[in-house]
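Chain nomenclature is as follows: A, B, C, D, E, F, G and H, assigned in order of appearance, with residue numbering initiated at 1 for each chain independently.
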Amino acid sequence: ARRGYPEAVYCEGKTPDQVRAIAEAVRDADQGEKPGGATLFTRCSDDHLDVLSHVFSDAAIDETARLVAWPPAPPAPVGGPVVVVCAGTSDLPVAREALLTAAYLGRHCELVVDVGVAGLHRILARLPVLRAARVIVVVAGMDGALPSVVAGLVSAPVVAVPTSVGYGAAFGGIAPLLAMLNACAPGVAVVNIDNGYGAGHLAAQIAAPAASSD
Amino acid sequence: ARRGYPEAVYCEGKTPDQVRAIAEAVRDADQGEKPGGATLFTRCSDDHLDVLSHVFSDAAIDETARLVAWPPAPPAPVGGPVVVVCAGTSDLPVAREALLTAAYLGRHCELVVDVGVAGLHRILARLPVLRAARVIVVVAGMDGALPSVVAGLVSAPVVAVPTSVGYGAAFGGIAPLLAMLNACAPGVAVVNIDNGYGAGHLAAQIAAPAASSD
Amino acid sequence: ARRGYPEAVYCEGKTPDQVRAIAEAVRDADQGEKPGGATLFTRCSDDHLDVLSHVFSDAAIDETARLVAWPPAPPAPVGGPVVVVCAGTSDLPVAREALLTAAYLGRHCELVVDVGVAGLHRILARLPVLRAARVIVVVAGMDGALPSVVAGLVSAPVVAVPTSVGYGAAFGGIAPLLAMLNACAPGVAVVNIDNGYGAGHLAAQIAAPAASSD
Amino acid sequence: ARRGYPEAVYCEGKTPDQVRAIAEAVRDADQGEKPGGATLFTRCSDDHLDVLSHVFSDAAIDETARLVAWPPAPPAPVGGPVVVVCAGTSDLPVAREALLTAAYLGRHCELVVDVGVAGLHRILARLPVLRAARVIVVVAGMDGALPSVVAGLVSAPVVAVPTSVGYGAAFGGIAPLLAMLNACAPGVAVVNIDNGYGAGHLAAQIAAPAASSD
Amino acid sequence: ARRGYPEAVYCEGKTPDQVRAIAEAVRDADQGEKPGGATLFTRCSDDHLDVLSHVFSDAAIDETARLVAWPPAPPAPVGGPVVVVCAGTSDLPVAREALLTAAYLGRHCELVVDVGVAGLHRILARLPVLRAARVIVVVAGMDGALPSVVAGLVSAPVVAVPTSVGYGAAFGGIAPLLAMLNACAPGVAVVNIDNGYGAGHLAAQIAAPAASSD
Amino acid sequence: ARRGYPEAVYCEGKTPDQVRAIAEAVRDADQGEKPGGATLFTRCSDDHLDVLSHVFSDAAIDETARLVAWPPAPPAPVGGPVVVVCAGTSDLPVAREALLTAAYLGRHCELVVDVGVAGLHRILARLPVLRAARVIVVVAGMDGALPSVVAGLVSAPVVAVPTSVGYGAAFGGIAPLLAMLNACAPGVAVVNIDNGYGAGHLAAQIAAPAASSD
Amino acid sequence: ARRGYPEAVYCEGKTPDQVRAIAEAVRDADQGEKPGGATLFTRCSDDHLDVLSHVFSDAAIDETARLVAWPPAPPAPVGGPVVVVCAGTSDLPVAREALLTAAYLGRHCELVVDVGVAGLHRILARLPVLRAARVIVVVAGMDGALPSVVAGLVSAPVVAVPTSVGYGAAFGGIAPLLAMLNACAPGVAVVNIDNGYGAGHLAAQIAAPAASSD
Amino acid sequence: ARRGYPEAVYCEGKTPDQVRAIAEAVRDADQGEKPGGATLFTRCSDDHLDVLSHVFSDAAIDETARLVAWPPAPPAPVGGPVVVVCAGTSDLPVAREALLTAAYLGRHCELVVDVGVAGLHRILARLPVLRAARVIVVVAGMDGALPSVVAGLVSAPVVAVPTSVGYGAAFGGIAPLLAMLNACAPGVAVVNIDNGYGAGHLAAQIAAPAASSD
């Protein structure tokens, strides 16, 4: 965890028993010590979700994002608004992981779905919400063209997340990753393939309330 | 050369002397034999241009496309209109190679430049010419996003040409090549990196006059 | 879906429940609204086929292509003939996906199988049907050599589809993809690995009836 | 150029004559129209520098960054401080390109050099300046380890720029690019290899003065 | 097996029956012949562990490292101390495989866990044990930055083992492999991805007692 | 050099002085010692050719293949006939290198040029010479389709040599290399990109006179 | 199937029912038509073996090579001897597939196992059998070094088969494939990864009885 | 520079002026301060050599290794012997860079050339010197097979250096790099392609005199 931000437990590759042990430690350690700040459990399998809902009776569980947060309430939002954009249902798990991460790091967040490059009118229809954002997270697979288009429309920085959606020459996300690294509009920051957590974290840092010196 | 279409001589990797020999054979063989149909010399270096302007006193020379045609006059156009689109000067050599190839194969051609993904309004301003095309050749480097956007706006097929413009993770054209193979709009045909000749040829075939049975 | 063409639902990566919901929406929305034009469901698993045959009592189901169409009747064909070619049974699912897509987009289609590069006589025996096509879709894995050979024999454009058939240095379709991008005959358009849908869509656009201006 | 930010001309791949034409247009257009905001010329060869120093008698020229700005004065800085970090002289051209870009976009910038992963004490000695930054640009080649280390020490977002410095398995910047995409500390945004301009632009957007709503 | 070192049986890809046959041969051959020197069985599945615990009633079994040794007692350690370092639980199987291999080759070994690049203070806290080592094995996935940092702190050689932990652009261990090959501190030796056995073997050879001539 | 075959000196990467020294040693050592068997100098630059023509007054020099042989006379041919096939002038240097190597290893050789996949009739016209070969070397760049076609027409083994001719997705010969490794006809042996020497050597070994036991 | 050689059915990717249908056709067609020449079924799963043993009561089944031949008797061997070499049990399936293929194509075959680069004495001990071969098939994974060593010891051509054995930077056989393409001894022919069938076929063609003209 | 070892200046990518400035600083700083320990200048171009021979009147210059050392005398050797092995002249620059680096770090070094995998007898003839080494540096390009063979013959650790020698599928050293990472004998440590400096440094650390506790 970064200095001053909540902890996240990356569950992929951990056994349910390992996750249970961590969760119990989190639950028991929380007695007063870290009164604010949820712990996030990311990339949860069904078994992980099961274990976590037993350890925490009141956890916030998002089945699409495969993310669990406890304590369940995100902090009251400060800083600028974070907008998360994606084209459709296949990119939704990554988009929601980014959204929830930024929310639990204390930002006001909004999700814009069904916005794809092959249908420009739908993007243009959402210009007001895009232009109000302090930072925009754009989640996209296949040709990875959406961040270029969005970055061309706004002045805020764009955090681009390639996804492993697709087949053949998508190469598990390499195609959109390369496209995003070569975005023809400046202002595009790239994170790892499918890394919704990292994108949300970065967006929350970017949209953090300005220090007094800023 | 394809059945019924003009010959093309690919000059890259040939010595000026080799090109001269081919050109002289073309000039001398043309006595009546193949009365219509120019021969194209593609990817000419300055030395090649020099040699060819000596062999053919009246060749058509395009310095941007590095292409020479002889006899210089393209055939009277038949079939549907071909539109060639690119974002800027770096992609222009490839775009013009496509344009000229299609023209010498007998199509009516139009060039649309300065149309990029990061400035949607410029694309939208050219919708009428795009929608009038029988086929559109889209030339793009870097994120290779332009074919997806164009294909989403028209019903005609799009021939996408990735270019080697860019640096770093553009990997000499791999980034736009992959993006185009994963275009999120259907109707995108891809050719080799920088292959303006192939794109123009393909476009001319697609826009060929319909046979009586069609 | 492209302007004026039917919708397609890409089922891979969707749960049976998600596909059911989409299918029910399609079925219910069709009350008069879009009287012509089938919806295609592509890349269906057995579970998807099951769900779809329950939602639509009269859907057209192709188990080889893993494709479902509803309403089941393709439109009366217009435009030029589309010919789909492949070497054998392993490439058949992709070939049939291309064939059915073009048919549901309103083209007359013909399938030519068992035509491989290692047995030229079988290709030469099919020359009449190949030369009658307005566009030819060539589906091939391994060395991806078939499009070069076919393109050398006809004047129509060739849409080449690499398949992930093979092992080792086939690299899941990279070998034929590269071969096709480097086809030594001009007139070869390439789509993504295993992308029969895209190839059929593109072929239907290429073989569309000429506009009056063409 | 992004909405509200200065224009940049990417000179690589342009002839000196093309650059001269653009520069003259910039110089002549500036009569009152865009009173603030310098135009940046990036990736200038010696010939480009020569041409530009003739067109603009008073341009700001940085030979290390290969960057020219005109009018020469950057705007008065607003927003938060940008810190640019690199390990040594080989990464300096990219680092300075980032620094100058951010400065001409209106940020207060500071450069920290000679800070490498193999000598932790030098990084730790600069902690106060690092912790005062609103955003840190970290430029690194070879193992690309520096952004992970820096991101672990601060709460601000880190913009990581891989460089093509090195040989063999550095693969022209692929090694640090991959390392940065897999940074073990969250909060690392990655841009293209050697893309100092993009990093500086992004940093300026991140450190922009907060809107009143933030 | 190397001259003078124990044999190792790589179980991955062998059926339980094949492993049983080898194990029985080892057990029966050991009658007096090779009185010292355990045989190692590496990369054991649960089925392999099962078979081996039946063939050898007294084998040493490490479930984390998936390694079995018989006879169970490692030799009395000679030569210099080997320290094995990793950042967390995901790298532990590889780290323990290295540790046990070096121990069964006759070295004194120590394991240092929970030492990551994003938390420098934890590394610095372990400096005394790191500086006492004759050789350090550093196991790391993701950005593979840990060997560079460790090598910068000590004079002993570092054996770096990239792991396949991570996702997306970690590419199954390619990212840390490349980072390690480009370590910015000299003195880093790299072995194959996940190759804990090879790293432990190499470390044992490096830390072997000096010959009289040294 | 293989047991019983002539030596070859690979000149690429050697200075003219280094080549001169080797050539003088060859010339002086040949006094009676190895009365038969020429030494081959391959991949000669113009400078290398110059040096070699001075050391050997009577060397055989092939400027296309960049190959020098001394003594100049190849041995009287034994074994079966070797046929070398390629499509055009760009592949000729590699084809001639193969041809000459096989000839100097003692085989009867024939060269067939201007035989490409896009013009099947030219291949079919050469069937008699192809079917008379004991082994066929097929040199091809771009789509690398020629070996598949040739191997489908004959019973003899085919040695396939990919060339680095082409651009873009030819990737310096990777495209034809992969195609050849995936040749859809059995009986295709592959050597390194541009490795005419290796192909000629292998062909000479395959076509060697049968031992009495064969 | 090549001209004059038996047919092979590649079963991977075929359903048991598809294989059954082919097998029944083979069985029923064999009534007198092709009295000599077995049909080979390669890459059989357990289910394929099951089906084939029901269709053919007397098939030859090799469980290691996953190969079935019917009629079961190979032809009486003619031509030169084929030797197949590999280092151990992991490469045995590929080695046996090569061996059986060559045998059913009519060659005398011998298998040499347990011969690895790390134990030169074992190779040297088998020199007589290696030197008696007309062609040697060398099967190897990991570093793919064995073909170089073997080719340096004999005058016969070597057919090298990389295998997908190994992990990490073996990259499913890419490591030995590249090593073999760069073998430092001439006379090494490479086939696809794991392609024992292709290697055996090629070896049988190379060792075929010389034609009268040879 | 590592703790306790001499400094090295990597000259590639530095201008002659930059190298001169560093060299003058080294010369002037040496007044008493660091009485032992030469500074190494590696990867020197002809211009760098020129500059350095002017700054240091008595530098040790190795034109093959492109390495300059000053003060010129290496320290009196301590620790175990380092043996550097390579196959021929193309690998010699890297081999000598390793040799000199180890010598200037205080080891006794020996060079063994003309030892290749295709001629085993030459390796076997050098067994005594190989077996006397405390560590062996093996430099090899192409198939990268030499380290596997050497490691199989000795008990000492092997440091393997892939070189960029070769063409085509050697891919600038990737082929031997992968082979070495997959060496079939344990005890092989790999460094970056062409990294003779790193290999020599690592070898010197491995062969360092044992601490009293060892």
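We take it that a residue touches a chain if its C-beta (ideal position, glycine included) is under 8 Å from a C-beta of that chain, and two chains touch if they have at least 3 such contacts.
Computed from a predicted model, the values in this text were never measured in an experiment.
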For this session: Identify the chains in contact with chain E as well as chain H, in label order.
Result: D, G
Exercise. Of the pairs given as F-G, A-E or E-H, which one copies E-G, with over half of its contacts the same by residue number?
Worked result: A-E
Problem set entry | Approximate Å spacing (C-alpha centroids) for the pair chain B, chain F | 36
Exercise. So, what's the distance in Å between the C-alpha centres of chain B and chain A?
Worked result: 42
Exercise. Of all the residues in chain F, which ones touch at least 2 other chains?
Worked result: 151-153, 168-170, 177, 181-182, 185, 192
Problem set entry | Pairs of chains found to touch, sorted by chain label | A-B, A-C, A-D, A-E, B-C, B-D, B-F, C-F, C-G, D-E, D-H, E-G, E-H, F-G, F-H, G-H
Exercise. How about chain A: which of its residues touch chain B in the complex?
Worked result: 87, 116-120, 124, 141-145, 148-149, 151-153, 166, 168-171, 174-176, 178-185
Exercise. Which of the residues in chain D end up touching chain B in this complex?
Worked result: 12-14, 18, 162, 164, 172-173, 177, 192-195
Exercise. Given the complex with chain A, which residues does chain D contribute to the contact?
Worked result: 1-5, 8, 79-81, 132, 134-135, 151-157, 159, 177, 181-182, 185-192, 197-198, 201-202, 205-211, 213-214
Exercise. Contact residues on chain A for chain C in the complex?
Worked result: 89-90, 165, 167-170
